[in-house]
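Next up: some structures, all given as structure tokens.
In the two complexes below, chain A is the common chain; its partner is chain B in one and chain C in the other.
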Partner chain A sequence: MVGLAVVIPFIFPADFPISTTPEAQMVFDSVEALPDSSIVMLVFDYYPSTIAECEPMARTALHHFWRKDCRVITLSNIPLGGPSMAENVTREIAPEYDKQYGIDYVNLGYKANYVAVLAGMGNSIESIFPTDNSGTPLSEIPLMDSVVNYEQVSFIFEVADNATADYWVSIVNAQYGVPIACGVTAVSAPKYYAFVASGQFVGLLGGMKGAAEYEQLVGKRGKAVVGMGAQSLVHLLIISLVLIGNIGYFVTGKARKGMSR
Partner chain B sequence: MTGIEIFQTWLIAFFTLALFSFLYKDNPVYKIAEHIFAGLSAGYYVGLIWDTVIIQQLWTPMTVDGRWWLIVPGVMGFLMFTRFWKKITWVSRIPLAFVMGVTAGIFLISQLHGLVLPQMRDTMLPLWNTQGYGQLFLTIIIVVGVISTLIYFYFSKEHTGALGVTAKVGIWFIMISFGAHFGYTVMGRVSLLIGRVQFLIEDWIGSFT
Partner chain C sequence: MRTTVPVIVAFLSGIILVVSFFFQETSFIGGLSQELKVWLTIVGGFTLLLGVVSITRVNFSGVVRRRPGWGYKILTLISIFAMAIPSILPTSWSPLFGRNAGSIYDWLFVNLDSPMMATMFATLAFYIASAAYRAFRARSAESTILLITATVVMLWRVPMGEALLNMLPGDIPSFLNTYVMGGANMAVQRGIIIGAALGAASMSLRIILGIERTYMGKG
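For the complex of A and B:
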């Protein structure tokens, strides 16, 4: 039944309304408030297994950044797939905004031990990433001429499916004061609402719903908005099954009580 | 679509369907896909670490930039491998102790300064200086939720009387939190299925036309 509820909306598309949460609106407003041509970081801290939830967030953020003419530094603390996903997404979207690698964006790739990486970049990004993802020394990349450490970075958008988001808060935001917005999988979203309330995150996207909200705000209808049709249908199905199960339990319970008398 | 893109799409579709075949029962196609994934991941990870750590952060800085003092962390790293020989296993404790010390130092500060204190500060909200009754209500919920949940985990006194009532309120807050987590988890797992189905219908079947 769940399988059918997922497949049917792709064959017969139905638009379900997607309301915007204050946390997603905060992400949008924070990027909108950035001065044009700001230097921003887009962090691909998710594994390929959670592409369905995380990639729409990263794509939409990139559209949003480039619409504001921001210069984007991508990196990853995830060894399996992180750097390649950053490469694919940036190179696919760049021609739409006429962006050039090395001038408008750079992919630093992956480096092991994220705690040391996040702390070390506060001192010097080049000491942690001597080269970009393709092996080009950072000294030969024009965009990195003006970037030494977090001081030159105006905004960080962390897309994560694991606990690395905690360290962006505890190391980068707490010690260097860089504003961070976060897009996380639905499984970990409840934990991070507390960080929004405390002002440690300037916004939060939770799972496919969060990604769909952001796509809607940016005006780039992507896979998350399309996927929300199936998501809503499955949720309706689950709620119905829970209700039917409970009604059945109470009805058969009464019958059982009657029999025992 | 170029030839390589079509091949890539078919390869992804094959492995997606191979893994889905487990829904029927354990079978050789599923096993093949599972083993290829495990082998590829391990190989990729070893190659990546070799390039980004050993070559970029140890070998090149030493041989090209002349930073020979990096030999010290390099040797410390290799000492970890002494765990494989029983007689000199103890040597691996030296780099391990170093790692533990540094990690504890970094974490102590970052966790306290970045997580514990800001979260505590955000819990101590002034009741008389809020923005409207709605916010006042939310503030009261936060304060009551935190205190009652903490009391639930206070086991030095029997949960009777006022303490017991507060602990019961704490259980309600914990249950509501579990419910929210479970709801989000369901959404997350369904999203993963949606992602695969979306790929199969839009990208794979879509490539036939």
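For the complex of A and C:
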């Protein structure tokens, strides 16, 4: 049943309206408010296992940044695939906006110990990442000529499926004041409402629905919008199973009580 | 000596990082703190290496002694080194080395590692569906509240469900976002976040002051 609920919407797609939550609108507005050609960071802090939820957020953010001609620094605090996902997503979208590696974007890759990495970049990005993901010294990358630390970074978009988002708040936003928006998996989104309310995150995308909202706002309907059909049916199926299970529980419970009398 | 030196190192490292918070980054303390952070990333790299050594030893001994599942252990070892070795060799030797697009590492990541991890995670949907039928029961008042809230939030988080909620009187989606997610949920999350932060701060203090020594394998 679950398999069918996932497959059927892809064969017979139904177009339901996707409403926008205030938190997703805040993400969109924050990026829109950036001056053109700003330097921004796009952080790929998710594992390949949550690619369905997180990658549409990263892709849409990249479209949004490059539509505004922003220069993008990507990095990852995830050893397993983070830098590769950043590499693949940027290289795939770059030709659409005629962006060149080293001038318009750079992939710093991964460095172990994310607390030290985030804190250390506040003083000097080059001391933490002496080279980019492919081993080119940062001093040879034109984009990094004008970037020393967070002072030159106007905005950070953190896409995460784990608790690294907490450290972007407590280290980078709290200590250096850089505005951060966050895109997280649906299961971890409830935690981050507190950071949105306190202004430590300027917006929040929660799960595939959040990604679909953002895709719609940016005008780049992609995998998240397409995936909404499958996710809708699976949610409805699970709710139906919960209802059936509980009806059965009460009916058999009453039957058992009746028998014990 | 085996205990004293690590405690002194932990004390000095911790104190420098805490004190540097009150100094300019260009000051001597600021520079020292930055140097420590760079060292931390290097130490972090060695811990990854330690992980590779450990997993190799465990699996290699399992293969040598023909322990149950030794065939899978061979696969694990092949997988580790098939990805690791080409990725650390210089790209100047061959475009197949390194981690760039078109490298062996990239091909294995895109075509094997990534789909396998996504598949493993996707199987959760089947377990959740099974658990929904078997385990999510309204056994008490508290579990009933949780069940109803979870069900309505699940409906709200998908377009079809939201369309259903919109058929009901009142603006239920807006109510859920404002009062359930931004109200009750946020209050609970704040309590958890503050509690965890206080716990982390007290644990850090205990480590810096040498009271907590379990990280050295001692109680």
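FYI, the second predicted complex is superposed on the first by the 243 of 261 C-alpha atoms of A that agree within 3 Å, B and C clash if a C-alpha of one lies under 4 Å from a C-alpha of the other, contacts with A are read in each partner's own complex, and residues count from 1 in each chain.
Keep this in mind: a contact is a pair of C-beta atoms (placed from the backbone, for glycine too) under 8 Å apart; a residue touches a chain by one contact, two chains touch by 3 or more.
What you see is a predicted model; the values in this text were computed from it and never measured.
Q: Clash or fit: what happens to chain B and chain C when chain A is overlaid?
A: Verdict on chain A: clash between chain B and chain C.
Q: Please work out whether A:A186 is in contact with chain B alone, chain C alone, both, or neither, and reply first, second, both or neither.
A: both
Q: Under the stated touch criterion, which partner chain does A:S49 make contact with: chain B (first), chain C (second), both, or neither?
A: After superposing on A, A:S49 lies in contact with both chain B and chain C.
Q: So, A:S134: does it touch chain B (first), chain C (second), both, or neither?
A: The answer is second: A:S134 touches chain C but not chain B.
Q: Check whether A:H235 is in contact with chain B, with chain C, with both or with neither, and answer first, second, both or neither.
A: It touches chain B and chain C both.
Q: Once the shared chain is lined up, is A:E87 touching chain B (first), chain C (second), both, or neither of them?
A: second
Q: Between chain B and chain C, whom does A:G207 touch in the aligned arrangement: first, second, both, or neither?
A: both
Q: With both complexes overlaid on chain A, does A:G120 touch chain B (first), chain C (second), both or neither?
A: In the superposition, A:G120 touches chain C alone.
Q: With both complexes overlaid on chain A, does A:F16 touch chain B (first), chain C (second), both or neither?
A: A:F16 contacts chain C only, not chain B.
Q: After superposition on the shared chain, which partner residues are touched by A:N246: those of chain B (first), chain C (second), both, or neither?
A: Second partner only, chain C.
Q: Tell me which touches more residues of chain A here: chain C or chain B.
A: C
Q: Of the listed stretches 74-82, 92-100, 128-136 or 164-172, mark the one in chain C with C-alpha atoms clashing against chain B.
A: 74-82
Q: Starting from the residues of chain A touching chain B, keep only those that also touch chain C in the other complex, and list them.
A: Touching chain B and chain C on chain A: residues 2, 6, 49-52, 79-80, 109, 111-112, 115-116, 119, 166, 170, 175, 186, 190, 194, 197, 206-207, 209, 231, 234-235, 238.
Q: In the complex, go through chain A and note every residue touching chain B.
A: Residue positions touching the partner: 2-3, 6-7, 10-11, 49-53, 79-80, 109-112, 115-116, 119, 130-131, 166-167, 169-171, 173-175, 185-187, 189-190, 194, 197-200, 206-209, 223, 226-227, 230-231, 234-235, 238.
Q: Which residues of chain B touch chain A in their complex?
A: The contact residues of chain B facing chain A are 41, 44-45, 48-49, 52-53, 56-57, 60-61, 103, 106-107, 110-111, 113-115, 118-119, 121-122, 177, 180-181, 184-198, 201-202.
Q: Using the touch definition from the top, list the residues of chain A that touch chain C in their complex.
A: These residues of chain A touch chain C: 1-2, 6, 14, 16-19, 21-22, 47-52, 79-81, 83-85, 87-88, 91, 109, 111-113, 115-117, 119-120, 122-124, 127-128, 133-135, 166, 170, 175, 186, 190-191, 193-194, 197, 206-207, 209, 212, 228-229, 231-239, 241-242, 244-246, 249.
Q: With touch defined as at the start, can you tell me which chain C residues reach chain A in the complex?
A: Residue positions touching the partner: 21, 25, 30, 34, 36-38, 40-41, 43-45, 47-48, 90-91, 98-101, 105-106, 109-110, 113-114, 117-118, 120-122, 125-126, 128-129, 132-134, 136-138, 147, 151, 154-155, 157-163, 173, 177, 181-182, 185-186, 189-190, 192-193, 197.
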